[in-house]
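Got a structure for you, written out below as structure tokens; questions coming shortly.
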């Protein structure tokens, strides 16, 4: 079945080609654009399913197709594609979620004037991501990585006319660049050490013993550098600032970024180059992995906390994404790669669901995004409500029925057995609580209680938007079938182990723990926010209960812990000062030098001119006069009349002729 | 017979050519130009190059002459006031003619009669065009296309 | 027996030329060409006369009225009466006209029309002038018509004449391309420009009954239709008689002509028609060959003239049936449909040739033509042809 | 008498000079074009004549050159006349004496 890998390149090629074609379409051909994009995605989905099927045949299959890109000297730079369970699962998830999002955006962007451009970018985005997934060379992966970045930039800033959108796009681009810088350094270093960028190359790829042996100790640093890139893309702690701002883009874009493509890339990258991280591990712990763990923990907690105090429906989801990514990072860090990826996949489904649901809400509320202005929407938009509730349950990890729950359990399970320390485990538990809390808050605000300003004119979204929601909701539920510990099919599939069914494993302590935790979170949420949005005792309607109780803390959280401000004060201010300084240097110091030279030149100039005036000119004038006269004479010949020239030519020809005749 | 035909054709051709060069009415000049071309085609026939002759008639009478008369028509308002005649040009032309004649008569190696030659069939020409001269043929085709487009663009009226 | 009947005219000419035995060859050549020209003139002028009266009679039948039926039996002497009338009519030349041009135009146009007759094989060994590039000659000379028409238009210094001439030239030039290009496939397949060779190439019969005429191949059929339409245009016949549309411009370039000159134009038009039809017969309809081997005993020239008269009847029929097209419609048709189809015919002929000229080639070329035809007819949706009328051709 | 090569050359020389005359001495641009065309035709006549009067080469070079020359002359005529029309549209004249913008 490994022949499939030879045709793997088609999966990214189809959407990319589609996007190129769409770009060439005029703005009037909206229908064709959408149709093309969706068709491209469907084809990609079909191909991905084929690839997936191929991997099902052989457990733990890893088919590789390498080719030489170019050769310099005796060095050959080789690229390649790989098909393994990781890639296949990602492919399937991305294409499926992507398809839903595409269909959804047909409805969501219906009134937008740059409809075609939007779909071109969408196809481009998903194509780039697919390429990233199947890349078997760190370089190729990096290329697609940057393409993904570009696509995200284009899409976040899709509404260019909005300055905030443009700013957000820039922020996203630059922030991720900072990460990619480290990534690229890592790539270079890796190439310098191991001489190959291929992951799997029959034993001497850089992720196989052959390559890893060459790396030795530097593996840690390379891994960390690469992790910079991952952190940038999937919004880990120092570089997470761009992700919430990315909400400026159209909601389907946010869905795509958060669920399927952009942020998944970071986690996927770590999972892909996991051998680098874990090389030289003492019972599954390396320094690089520890860093990953702690960064993940920080991110998860911080984001969850911030999410509690946000008012924008999409920002809340954004921060939840950040925290979920942190969760995945932790899981990867503690060695639960499969768990992390499983959560990534599950998260892909339900986060897309949530975002599209939020999009549907926003669409229904005519562009209102402030949850305080909504409320009581469950009657108005039932489909959205039900699906959104499912998504919320999945996200907050309600066990047994929702995919999110199982994957979270897996992760907690993995975290609990981390030898280094137990702190991450407990912190993750707290994170789960917080997640449940803020999701409860949001859903109460949006769907329950009294109808507030924006909810008055609200309406349910058209079918083209609700269908994807339903599909994704079903995915979010039935995806859990392959996740249960009773039948951990996906886990087995990813790790390549055989799978067997044991109902007993269902009843493990972790189940009850998470039940308790999630229950606590939801309960607390309901208790706090039962009267949210309505005046309660002496609390006015506009004020959040938590804000009422703890204004300082709430403010701290609402201002995102002043991280942006901190960056403004510190990094940006510093660069600003540098700029000013160099500007000053330019203005005064260098300029002064130049002026000085100029002055010297002038002095010389005056001297020489005087010499000229007195001495040389006298002679020159006559010459010029002569030349001018000659010029007049010449120009007289240029009568500008064709026939004169023609006559001249004729005479010349005659002269030549006579000459020849005379010589002959 | 040949000589007779030659003399007739030469007289017709040269007379027509002279008329084309000197007639006052532009239209008459153009028409006599066409006649002169027919004469030249007749010369080609006389020299056993029927195909070239036919091509000449076809291209010049069918296309170029029509083009010329069309142009005359389109620039008609101007035809009236082009009465000038530049005698300097006439002198130069006469000088050139003299020089040519002199040099032609001077070189005795030209006073030869035609050797016997098998008739040149169209098939041969076609074969030559398609084998030895295929690249020139392509180039000419390209040139004609370019000329056509260029001419179109030149005479295109600005529609605004 | 049938042989001798077939060759009777040839033998007669030989017999006449026997009188010149011993005189230099060029005299013989000149005399024989004179004979040819004379015969041509007699035959085709008679044909023209009959054609004119027959056309009127047939049109009459088509319009539920008697045609001319007074002069002579069934009005057959009508042309003579017309001729006399034309001759004794006053010959008016406009005062401001360009006299010479005005005078030369009809002569030139008639001369051209008659010259084109010279290269068509009318029967076995009955080609008046056997030129190596006969077809090319036909077109080369034919292209001079445009100049003549222009002369007529310009010479008579009249806006209707000028407009008519412009229209005529515009449509002639536009339709000369399809005309030429539809000839190319035949030339390609036969590999010669000589009409006799082209006719000879269509001599044989498949299974002894279906003649190998090019019109029976898909490309040939398509090319013949295109050729015929272009021929209609070239000879300014309805539905393409825009240049002399009475309703718009009195009589086009013939407006200022009267009397015998007008008759000359008239004659030239008809003779041009004969010539085009003759060429069409030569190229596509197997020239003077019999439609079946069994009928070969009938003299060849009779076959030729039978085919000719059929084509002429079609001309008349069309004139009686179709309304006059609009100038812009005609131009669009020429450039957007005829030309591509003509090129397609070339391709189809090549396909036919390289697929072995058999049934396979037949089918393949059919496919090619069908595909392009459908594509074209989809591309230029005729609904837009009813747009408000625009004149760009006589400005 | 049968015409020798010289006679043909003389005729073509005469044609050439007449073309030159037309091109040099007439004011109307179209005359210049006609003259040039005539000169080209004369040149073609020379080609054919030389081809005919010399022992036959393997490829009919003279004929070929004449053919190509005719084609190119046609192109030249097309462009030239287009130019004339364009110039006329712009300056409302075709008198080459008045078209001396390039005067030095």
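Labels A, B, C and D are assigned to the chains in the order they are written; within every chain, residues are numbered from 1.
Here is the rule we go by: a contact is a pair of C-beta atoms (placed from the backbone, for glycine too) under 8 Å apart; a residue touches a chain by one contact, two chains touch by 3 or more.
Quick caveat, the model's predicted, so the values are computed rather than measured.
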*Looking only at C-beta pairs in contact, point me to the busier pair out of B-D and A-B.*
B-D
*In whole angstrom, what separates the CA-based centres of subunit A and subunit B?*
71
*asked:* What's the distance between the Cα centroids of subunit C and subunit D, rounded to whole Å?
replied: 33
*Let me have the rounded angstrom distance from the C-alpha centre of subunit B over to the C-alpha centre of subunit D, please.*
6
_Where in subunit A do residues touch two or more of the other chains?_
643, 647, 650
*Spell out, as numbers or ranges, the residues of subunit B touching 2 or more other chains.*
51, 55, 63, 70, 86, 88-89, 92-93, 96, 100
*Where subunit D touches two or more other chains, by residue*: 20, 23-25, 97
*Among line, ring, star, complete and other, which best matches the way these chains touch?*
other
*In their complex, what parts of subunit C are in touch with subunit B?*
24, 26, 98, 100-101, 104, 131-133, 136-137, 139-141, 143-144, 146-147, 150-151, 154, 162, 166, 169, 173, 176, 191-194
*For subunit D, which residues count as touching subunit A in their complex?*
20, 23-25, 32, 96-97, 99-104
*Using the touch rule from the top, collect the residues of subunit B that touch subunit D in their complex.*
2-3, 6, 10, 13-14, 17-18, 20-22, 26, 29-30, 33, 36-37, 40, 43-44, 47-49, 51-52, 55-56, 59-60, 63-64, 67-68, 70-72, 74-75, 78-79, 81-90, 92-94, 96-97, 100-101, 104-105, 110-115, 117-118, 120, 124-125, 128-129, 132-133, 136, 140, 143-144, 146-148, 150-152, 154-155, 157
*Parts of subunit A lying in touch with subunit D, wherever the complex brings them together*: 634-643, 646-647, 650
_subunit A - residues contacting subunit B, complex_ = 643, 647, 650-651, 653-654, 657-658, 660-661, 664
